[in-house]
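There are two complexes below, and they share chain A, which is joined by chain B in the first and by chain C in the second.
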Partner chain A sequence: MVLDEKVVIDARGIHYTPLNELIRQAVEDGATEIVLKNVLGQRFIADALKADVCIEIYGVPGGDLGMFMSGPVCIVHGNCEHAPGNTMDDGKIIIHGSTGDAAAHSMRGGKIFVRDYIGYRGGIHMKEYDQKKPILVIGKSAHSFLGEYMAGGLIILLGIDQKGPYFERGIGSGIHGGRIVIRGTVDDRYLGVGARKMELNENMLCEIHSLVKEFCNYFNIDDKPLMDNDYTVIGPSSSRPFAGKYTWE
Partner chain B sequence: MDGSAIKDALSLMDERGSGEGAGYVAYGIYPDFPDCYALHVFFDNIVEPKSKVDDLLSKWGVIVHQEEIPTYEQPRLKRQHIPWRYFFKPNKDLMVGSLTPEEDIIIKTVMGINSGINGALVFSSGKNMGVFKAAGWPEDVANFYRIDSYKGYIWLAHNRYPTNTPGWWGGAHPFNLLDWSVVHNGEITSYGTNRQYVESNGYKCTMSTDTEVVAYLFDLLGRKHELPENFIVKALAPHFWDEIDSMQPRERELNRAIRLTYGPAMMNGPFGIVVARSDGIVGFTDRIKLRPLVVGDDGDRLYISSEEAAIRTVDPDIENIYMPKAGEPVIGRVVI
Partner chain C sequence: MSLGSVPLKYRIDIDRDQCMRCMRCVENCSYGVFRNEEGKLILNSRKCTACHRCISMCPRDAISLKERPVDYRSHSLWTGEAREDIINQSRTGKILLAGMGNAKEYPVIFDRLVLDACQVTNPSIDPLREPMELRTHIGKKPPRLEFKKNEDGDVDLITELAPNLELETPIMIGHMSYGAISLNAQRSIAKAVSKVGTFMGTGEGGLHESIYPYQDNMIVQVASGRFGVDINYLDRGAAIEIKIGQGAKPGIGGHLPGEKVCSDVSCTRMIPLGSDAISPAPHHDIYSIEDLAQLVRGLKEATQWKKPVFVKVAAVHNVAAIAAGIARSSADAVVIDGFRGGTGAAPKVFRDNVGIPIEAAIASVDRKLNEQGIRNEISIIASGGIRNSADIAKSIALGADAVYIGTAALIAMGCRVCGSCYRGLCPWGIATQREDLVKRLDIDSGSRQVANLIHAWTYELSELMGAAGINSIESLRGNRERLRGYMLDEGSLDVLQIKPIGA
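Let's look at the complex of A and B:
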């Protein structure tokens, strides 16, 4: 077994099944760093991979990057398609670009940092349990239905380089757990059903600042302008906001 | 450009299909017959159904040329029909009282053949353009028709995963009528209402699947009612009422009028759609964005796709790539 080995894989024209086999083989052989070059549309990269490994991805990985993944760090130099971090368990995905719809779909642990934009329904159905708390940090902006049906975890939207306050509809639509933090003010009409604004307390601000620092560190962004308390916190309107929706007690 | 890069881009998304339908449409492929309507027909055999089609066309105009569409056997593709093409000139004197006699003759004959002649299905009926489709994987269908031998200035391509209607040659996308071609990802759950609306306006749905209504809606609203593309999209994927209520008065009146006038044309359900005509393309999704749509713009060329990777297959270094807002049209015009 060779330790601390860096493995380079040219993914050009390789289907995702053999590509994932190559990744798993490299991990088995003791690689701690894997570089994937010329990635174009291959889905399911690093899915269900349990390892202490850093995977650098050059190109555009296909949908469901890091699904069920537990432990690895994926650094993407390019954009992602739909649902990176789908039901991810642990580890990190750092995206130097944007993603498609449903980023961090059903995520249950670990962290995702997106430098630019995410599509619709970012963080849909994120959940937390005990020590497992998934984090999604977005640099620029997100389309509608951010944190839809969210059950736990934390989404932070920084609005870097955006003109004016956030204005996409349905924030936290159907939310029943977790928090959505948006930089600046948010008009009430953009809140989804079951979502309400909450007080920003000291603990929360500490957590936000720590994650902002981590975000800025990855993307080489000055964190100073973001280290104030100009954040809006959004959460569920009650612990069981939809208790009476289908049944009556 | 020829179809080879389109084939590669579509094949990259094989995961999105099931091998039961793929197709291509290209504009500008028949420069030798620019004034003829190119009718692409699936025949079950070339005896009874074909003689009936020949008779019908000869009644309504002149068949300038006809031939079997050249195809090349593919091991994974089962031949179910014989693709044939006619280059047809309608006799406009026969459609008395119409402002658009040629188009009306084409619609009448296409609908007449598809609903009245067993074993014949017209799946493409525009000028200087043509649809090529079959039940198979994108690369097999492309190779079956040698799509790389056609040179077009607009291309649409589609890979089908039939869910609630059968996978067959006629059900593959693109769907076409006259100049309009449509590719669609999703389901149109308002199909019943939309179908009633187009059928009450003289169209007949014969492809056993939802997407064909989009082609007829575009023909009705775009050609007959002369709405521009952005108004058609406002009719098919209208703003929410609460958004309309918060608009400035002029804009509010316009959106309200379109939504009320074209209520039965409104499409519900998840969809990402691209429609082409000889002078451009328009892409849009449903208002709550239940299907993906990515746009790439390199100045001279506009790409619209379900996945960025497919765009980068054709143009690896494209810089301006973005996701349009749900329900907002992305319009590309042909500049000569």
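Let's look at the complex of A and C:
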């Protein structure tokens, strides 16, 4: 087994299944760093990959990057298609660009950092359990229904370069666990059903600052303007949103 | 104004001459019907759910139960049930919740289908003496096979075969999650299927460690809540099933109430203790048939294309077109769940009114896939209201490859279909997480009874096939010529593609 090996794979014209086979083979051979060049829409990159490896992706990966992934770090130099980190278990996805809808869908662990924008329903149904707590940090902005059905974890939206406060509808619609943190103020009318504003406590602020630092570090952004307490915390009004909906036959 | 109380649903009576005051009824009833007041047995019939636990445990047969002991003024439209539902909802303003499958008196198509047997012109087969092939393969079948002659002059198969599940009998047990049912119930079923050589579903509840020894007989489910789903889970299953819908409540998601999320359920599902486990109505990465294909392929990619992936849908009006889409998605089987499918809890209005019967769904899916020349691409698994081996034979003759049973397997473990599963107090230890109740279900006897049931039905199937001169389940599949419709209208006969009796 060779350690600390860097493997370069040219993904041009390769279908996702053989591409993932090449990645798995490289991991098996002991690669700790894999560089994927000329990626163009291949889905499921690093799907269910369980390894301690860093994958640098050049180009635009297709949907479901890092689906079910457990451990690797994926760094995307470019934009990303929809649902990166779908049901991801552990590891990191760092996107130097934007991503489509349903980013971090049902994610149960690990971290995703998106430098720019994400589409609709980001962080939908993220969930946490025990030591596993998924984290999604977005640099610029997100479309509606951020953190919909959220059952756990943490979403941070930094609103970098945005004019005025966040104004997308349905924030945390159906949320029953976890927290959504948005930089600046958020008008109540943008909150979804079951979501409410919560107090920003010291522990939370500590966690936010540490994640902001990590975010800024990846993307070479000055963290100073973000290290204050100008954040709105949104959480569930109940962990049992359906408890009062039914009557027995 | 007060609505007052509605009449008793059930009245429990004790034959005081027979009763020996052993108080077993008091111990066994988890709903609190019986109480022992200084040696005197006191009853509260209002709490009774007709679960029959007390009746089955009474050593003297001293307990009797009567349904609806109080008459309403008779009316064929405004039944007692209709009136009581209105009273309940005008009191609470809430959605009515009900357990088990569709309880409405729709005609049962199975009961209007009759099977064929041989007389004179073609001999029937005695399954005791002749081999009967009930082994069933679930998964894609190649449209053609290619062979090559090797150096030894032998032929080698060069067509790559898709992974299939091999079942010793076309009977599997459907998905009932740990959470909806107890761990002892799931373990009993798991032990039974591994003994019989068939498969069961995990439901959307993850895979508890104590089920790992039976993982080769488990179909792991991925539903919209993605509970318990990680790569460990996917790797352990023999097959993966994407649940899109359920026959008991098509179009809506599922909620496991927080009360049922105990510490063990919480760690198996990987959700916090006591929080509602909410499965949204749609999968939020599936808004189209193309998206479904993406999830199928995502799961296949995750397991390196080594495991069959099933897609389960509720039988709804356009189920045939949906199944044709599924057949083109790389999926290996479509599970169709008819409107009589069971459930732990469903809004009554859905349970009783949404979806179509499984018989019609099987026939129309089989027909559509045949018409499009893609029947080999996908197996059909039928579920929802299968009560006996005749229902299975008829399902297969209508075009199914295999069936899932659910309620029947629960009955084999003690369930009496009282339909109060959502209460979490199942005195048979099946639909409950209360430790003292769960303990009542002995895994050895539970598994033996479930295995017995599958054996018995498999025997009967082979007898039915033998009588029809069929020695392989393959020859029964989609063999509508061996079915006739009895008192079915022309439209239904056309959908089922069968002739009426005598024709």
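Note that in this section the second predicted complex is superposed on the first by the 245 of 249 C-alpha atoms of A that agree within 3 Å, B and C clash if a C-alpha of one lies under 4 Å from a C-alpha of the other, contacts with A are read in each partner's own complex, and residues count from 1 in each chain.
Everything below uses one rule, namely that a contact is a pair of C-beta atoms (placed from the backbone, for glycine too) under 8 Å apart; a residue touches a chain by one contact, two chains touch by 3 or more.
Since we're looking at a predicted model, the values are computed, not measured.
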| item | value |
| --- | --- |
| Residue contacts on chain A - larger count, chain B or chain C | C |
| First, second, both or neither for A:177, with chain B first and chain C second | second |
| First, second, both or neither for A:41, with chain B first and chain C second | first |
| Partner chain in contact with A:8 - chain B first, chain C second, else both or neither | neither |
| First (chain B), second (chain C), both or neither touched by A:193 | neither |
| Chain B versus chain C as contact partner of A:144, first or second or both or neither | first |
| Partner chain in contact with A:206 - chain B first, chain C second, else both or neither | neither |
| Touching both chain C and chain B, counted on chain A across the two superposed complexes | 43, 63, 82, 121 |
| Complex contacts: residues of chain A adjacent to chain C | 16-17, 20, 24, 43-44, 47-48, 50, 63-64, 67-68, 70, 82-83, 86-87, 89, 102, 105-106, 108, 121, 124-125, 127-130, 132, 148-149, 151-152, 174, 176-177, 239-249 |
| Chain B to chain A touching residues, read off their complex | 12-13, 15, 240, 242, 288-289, 292, 294, 307-310, 312-313, 321, 323, 325-326 |
| Interface residues, chain A side, partner chain B - complex | 40-41, 43, 60, 62-63, 79, 81-82, 98, 100-101, 117, 119-121, 143-145, 169, 189 |
| Contact set on chain C toward chain A in their complex | 85, 88-89, 91-92, 94-99, 224-226, 229-231, 234, 255, 257-258, 266-267, 270-272, 274-276, 278, 280, 284-285, 294, 297-298, 301-305, 347-348, 419, 422-423 |
